[in-house]
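These notes open a run of structures that come right after.
Okay, so chain A shows up in both of these, paired with chain B first and chain C after.
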Partner chain A sequence: MICLHHVCKRFAQGDEAIEALKDVSLEIAQGECVVLRGASGSGKSTLLSLIAGLAQPSSGEIRVLDREISKLPEHLSALFRRAHIGFIFQKFHLIPGLNVEENVIAPLIPANLPLHVLHEKARIKMEALHIDSKAKRDVKRLSGGEQQRVAIARALINDPVLILADEPTANLDAKLSAELIEHLYMLKQSGVTLLIATHDPLFFDLDFVDRIVELKNGRIV
Partner chain B sequence: MLANINVLLLDYALGSLKRQGGKSIFIFLVLCLLIFLLASVLMIADAIKFELNTTLKTLPQITLQRFVAGRQTNVSVERVDTILALNGVERAIPRVWGYYYFKPAGVNFSIVGIDAYEEPYKKRLSELTRTFDLSTLEKEGGMIVGEGVQNVLRENYYSDFFNFITPKGERYPLKIAGVFHSDIALESNDLMLVPKQAAYTIFGMPPEEATDIVVHVSNPVEIPTIVQKITERYPDLRAITQDDLRISYQNIFDYKSGFFLSLFIVCVFAFFIVIYDKASGLSSEERREIGILKALGWRMSDIVHAKFYESFVMALSAFLTGFCAALFFVYVLQAPLLRSVFIGYSELKPPFRLPFSVDVKMIVLLFFLSVPVYIAATLIPSWKAASLDADEVMR
Partner chain C sequence: MSLTPEIIALLLLDAVFLLFGGIAFVLSAGIAWRWRSNETTELQYALHRRSYLVSVIINYIFMLKIPLFAFFIYTCDKLSAIITGAMCASGVVNSVDFGLYLTLFKIVNLYVFGFWLLLNDADMNDEKLPFTRLKFILFILFFIPLCVEIGLEIGFFTSLNVSKIVSCCGTLFSASSTSSISLLFSVDEKIWMMIFYGCFALSVAAYASRSPLASVVSNLLLALFALIALILFFSPYVYELPTHHCPFCLLQKEYFYVGYLLYALLFSGTFYAAAGGVLDLVQKRYTKRFYRLSLFFNTVYVIGISLYPLSYYLRNGVWL
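Take a look at the complex of A and B:
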């Protein structure tokens, strides 16, 4: 499903070059749930960005679903993301000013699908996450938990086979975190591959987590 | 082409304008105002150019003025026969004209004495007047006035006639027989066409003199030769040709255009400041939104498309609003404040109407000066942000 081979990522910060990832090699099978553990700045988010094709590695190779995403041109990696990957962000990253339904369908807007198809897809996801009654509400007026559910619905709107979650519980209280874990569990049950970058201990003892990979200073330890 | 438009993307772009709320309204208003000012300036200049060109067509081919000690003075009517005897001269007409100060309104009227029995005048006058009663003028009891004069007289309770006061202090009433057509309003607005005899009386001039002589020639190519012959015969006469007048009017127009040019430059400058501000970067919210959209699977081209729709709708609606507002301001409201820069070269502030004259080239110029420039200024920073790695944009 995911195969990273000797991946390095360097950033330029002023005159300095910062190596965020150093010779990372990793394989994740389809349907697996992997937790990426590590302190802030250990390279977790960078790794997720590379796997999603949001950034290019400085060296090495990344294959996702047998496609070498690190070599795909920008427009193809975007299409690949739209077709196969769902992203759950640390700060939800909902688009302010749009209502719940508009946020949920946002990934599919460029696909130019018929409106009724989009509404139907959004309705199914919102119902599953119990936010259908708030479909027309501005996301700014939602609670943190509701916003998190909108973010999950948005990540699922394209029925992805891979979910990348970046610190998904960082802004949630214990109750909402438990709720989120429940959703992730259901996704795992449905065969979706999960890669969760977190330093929240809640994830380390979960039954449905298959593997914990520890990152330290950009290296897998 | 319409089938290629992604309606959802368009809807998203319109929603984006709405989401930006106050900022969108501010940019829209600034763009509207600038386009309105630019369009108004160009429209007024165009309308006045049209008005001047119409006026120039009515000017005489040669006007002869007599100068003594560097000052214009009356010319003897006897010279007309000598001029008429020159080969190529078709007509030579002595004119009587001058200014009449109307104290109650504090304005000068331009009075021109005409001989209504002369065929060319009759023909020209019937073209120039809207409600011209030739028979009244022929009886030498009437006059034809510009619309401005008519309005000033009406304000002072002279609706049918006007009492001139001669230099001897006597009253000299003349009936208002007609009003000038608005096509030549700029030139004729302060004008009173009176029978020649009446003009002599109003100015207290001896009948053997004229203010100047206008000459018409059969072949316009011969104008310089005839001018040379006349000035050799009468060195105290100065000949002003239609071309000289055209240049003179053009100079007045160009001089006053300078004011408009200044305003035009200020508008363009302000417009480019707005454009520079747009082109110099996006707000952190806009950059973040682009990053989110990329992470969600939007291609760079999708983002640029959405921004294109957004800026196109903004620029086109501002262009249309500003342009329509300028049409209304110039042609319906008659450009209050702005047009006074151009008119008023006689002391009567003539309330003439700007003739409707919109040049397609001007609309195209205005469109290409505003809409594509604004779109480019919006697209460039969006394209730059969209071409960065999404995680970099969101950080």
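Take a look at the complex of A and C:
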């Protein structure tokens, strides 16, 4: 499903080069749930963005679903993401000014699907996450937990086979975190591959987590 | 040399193309030399990002060169108002020794640059980027005609002399012309007309046979003979004047700028099959879209241009 081979990522900061990832090799099988553990700045988010094709490694190879995503041109990696990957961000990144339904539909707008199909897909996802009653509400007027559920619905709208979650509970209280974990569990049950970057201890003892990978200073330890 | 706003615009764009084309040329050489598609080293990722930037630069240069050809002709047409003796772009083009060759060279370059655009498109839409090295090698080669064209264009505009009396198109496109064009008039125009329709039939047959090579050959022939037939046979029907054969007057307001439409149809039609065919030969595949577009544009062109003599005959009962 995911195969990283000697991946390095360097960022330039002035004259200095910061090595965010150092020779990372990792394999994740289909349907697996892997937690990526590490302190802030250990390279978790960088790794997720490389796997999603949002950034390119400095060297090394990244294959997702047998496609070399690290070398895809930008427009093709966007198409690939839209077809196969759902991304849950720490800060939700919902589009202000749009309502819940419009935010959920957003990733599929470039796909040119008929409007009724988009609405139907959004309705199914919103119902599953219990936000269908707030479909027409502006996302700015939702609570943190509701915003997180909108972000999950948006990540699931394209029925992805891979979910990448970056610190998904960072902005949630204990009750909402438990709800989120329940949703992730259901996704895992349906065969979706999960890669969760977090330093929240809640994730470390979960039954459905197959593996915990620890990152320290850009290296897997 | 007279500096009209159109000439200034063209010369400024030439300078921009030379500058950015020069940068792209240097970077292309580096990419073509060091590109290894199967490696995942730091250098290859750097080349990958650079290749995207260079492709965008070249893409914009070549894409702009296509409408600028029409703008060049429009500029020449406009200059005819200030050059003594010139009645249309033809007089202006022929007022400089190499003017006609520059125009023909620009037409050839339309196909060459257009081919690069198709190749780039095929490369960028394949995740394996199969033509990256080839397209940069080709750009290194195509940079030469680009520079030659720009050099000739600068030379052309600097050689224009408004005080020199030039011949009008009626003289230039006639059997009495001193140029090699007069040779075309030694063959009966109906023969050119038949060759033109024959080439169109060949291009349709090539489409039916799904052969890229046949499409390339037949469409290049069609482009050539369509231009000759337009000058020798069809243009008198557009002007409704038996002795007027100018291919440039079609671009004037008196004829509703129909020339722009006719040339756009002809060049688009023959380009898609010729350049698309070459690309298919390189890729060893058959891209139906190119040939469909070609057939559509060619057919509309043939119907459009044929309507002129037909309507003339129906209205007057005679052929010119």
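Simple rule for what comes next: the second predicted complex is superposed on the first by the 221 of 221 C-alpha atoms of A that agree within 3 Å, B and C clash if a C-alpha of one lies under 4 Å from a C-alpha of the other, contacts with A are read in each partner's own complex, and residues count from 1 in each chain.
We adopt the following convention: a contact is a pair of C-beta atoms (placed from the backbone, for glycine too) under 8 Å apart; a residue touches a chain by one contact, two chains touch by 3 or more.
Not measured: the values here are computed from a predicted model.
For the composite obtained by superposing both complexes on chain A, the positions of chain B and chain C are free of clash and fit together.
In the superposition on chain A, contact is made by A:57 with chain C only, not with chain B.
Of the two partner chains placed by superposition, A:168 touches none, neither chain B nor chain C.
A simple residue count on chain A separates chain B from chain C, and the partner touching more is B.
Of the two partner chains, both chain B and chain C are touched by A:74.
Contact with neither chain B nor chain C is seen for A:218 once the two complexes are overlaid on the shared chain.
Applying the stated contact rule after C-alpha superposition, one finds that A:38 touches neither chain B nor chain C.
For the pair chain B and chain C, the least inter-chain C-alpha distance in the overlaid model is 10 Å. In the superposition on chain A, the residues of chain A contacting both chain B and chain C are 56, 74-75.
Partner chain A is touched in their complex by these residues of chain B: 6-9, 12, 15-16, 18-19, 285, 288-289, 292-302, 305, 387, 389-392, 394.
Across the complex, chain B is touched by residues 45-46, 49, 52, 54-56, 74-75, 78-79, 81-83, 85, 87, 89, 93, 95-98, 102, 106-107, 109-110, 112, 115, 118, 154, 158 of chain A. Chain A meets chain C in the complex at residues 5-6, 8, 56-61, 67-68, 70-76. Taken together, the chain C residues at the contact with chain A in this complex read 40-42, 45, 48-49, 52, 124-125, 127, 129.
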